[in-house]
């Protein structure tokens, strides 16, 4: 009331998820009048081999790419 | 990449939804590094008689309550 | 915590939905130790023309069939 | 086993949905070894004002645009 | 027909899931007139770090807490 | 636009998923007029102990059964 589901590639850090959860919750209270305890934020993480765009799956992360924070998803 | 689904009671105004979509999109770009064109925001609206909490369905809006903006959902 | 989504053909009566919500909520509290206020039950109703099994869509209800309660879904 | 959910803008004709359901079902049987009766195809239709990409909602159809079949979704 | 999705924290025992599946199936047959073979029950398990309520994620289980059955979710 | 979610038992090979993604994408472009880059195909894989039909969970794969490709799901 509301529930917010965020479908994204796996691999985000706990700190990023916490920031997303904080901001989404604040937004839902401010814009929809929800009470904080009623805002559910759920992350549905997908492995790269389970999400295709235009028929192409996301590339699996390599040690190099996982060390960066710029991977778009 | 990501997709954000927001499940809420039906009846929000287009202006509120636009504000939610704007802020969610900006947040996903800023926090997750997503490109704006890849951020999908979808509203799944529920009629009050299709969502129960603790076994109680939400009350159907009446002319009086729909005139207010304080209904919590 | 938990949320229970029930996807079914549209057309169930409010009384049936209430009974389902009551029993699901009681079950989640008894079996999962959930608190009643944290059990969300959501009905996702599908029109017959939006759900196909084996490539066949459900038939649209007719006045005769809607008068019965035996339609399987 | 499997279930296939297709989220799209509302407004597709029954003939198009039938064609999609037929082809998806055939594909799931051929590629996954599913039995036809176990393939569920569900269409989750969204109104244009409930789906935003990059913060922009889809335009509501007008009489002119609904007469064409070229609307992308 | 129907499908029932139960979103909950990960960690429930097979015995509990079996009990839930049994009771949900029985209920759907009794209340909705469904045939048992058409009732799908699916558990969507969430790690504690993927579900926030009011901006707070569920605590990760510790050896002590996982040994009890009273954890609410 | 559209998004296609395929819920199935876990364990399909990357080659099979690629074939499914290719065919679904081609189909959505051909039948719905979608642009390839807008077709999302997502696989939601379920462990056998998280999906029950008629109250019976799918059997967990054994070395013998996983060696075959005929397991129906």
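Think of it as A, B, C, D, E and F in the order they're written, each chain with its own count starting at 1.
Methods note: a contact is a pair of C-beta atoms (placed from the backbone, for glycine too) under 8 Å apart; a residue touches a chain by one contact, two chains touch by 3 or more.
Just so it is clear, the model here is predicted, and its values are computed rather than measured.
Asker: Shortest hop count from subunit C to subunit F along touching chains?
Answerer: Shortest path length, in steps: 2.
Asker: Averaging each chain's C-alpha atoms to get its centre, pick out the one most distant from subunit F.
Answerer: Looking at centroid distances, B is the chain farthest away.
Asker: I want to confirm something about subunit E and subunit F. Since they are copies of the same sequence, is their interface symmetric in residue numbering (over half shared, so same) or not (under half, so different)?
Answerer: different
Asker: Once you find the CA centre of subunit A and the CA centre of subunit D, what distance in Å lies between them?
Answerer: Going by mean C-alpha positions, subunit A sits 25 Å from subunit D.
Asker: So which stretches of subunit C touch two or more other chains?
Answerer: Counting only residues that touch two or more other chains, subunit C contributes 1, 3, 7, 38, 40, 51, 53.
Asker: Quick one: in the complex, what on subunit A touches subunit C?
Answerer: These residues of subunit A touch subunit C: 1, 3, 40.
Asker: Which part of subunit E faces subunit C closely enough to touch in the complex?
Answerer: Contact set of subunit E toward subunit C: 1-9, 12, 16, 19-20, 23-24, 27, 31-35, 38, 51, 53, 69-73.
Asker: Which residues of subunit B touch subunit D in the complex?
Answerer: Counting only subunit B, the residues touching subunit D are 14, 17-18, 21-22, 25-26, 36-45.
Asker: State the interface residues of subunit F toward subunit E in the complex, per the touch definition above.
Answerer: Against subunit E, subunit F makes touches at 7, 46, 49-57.
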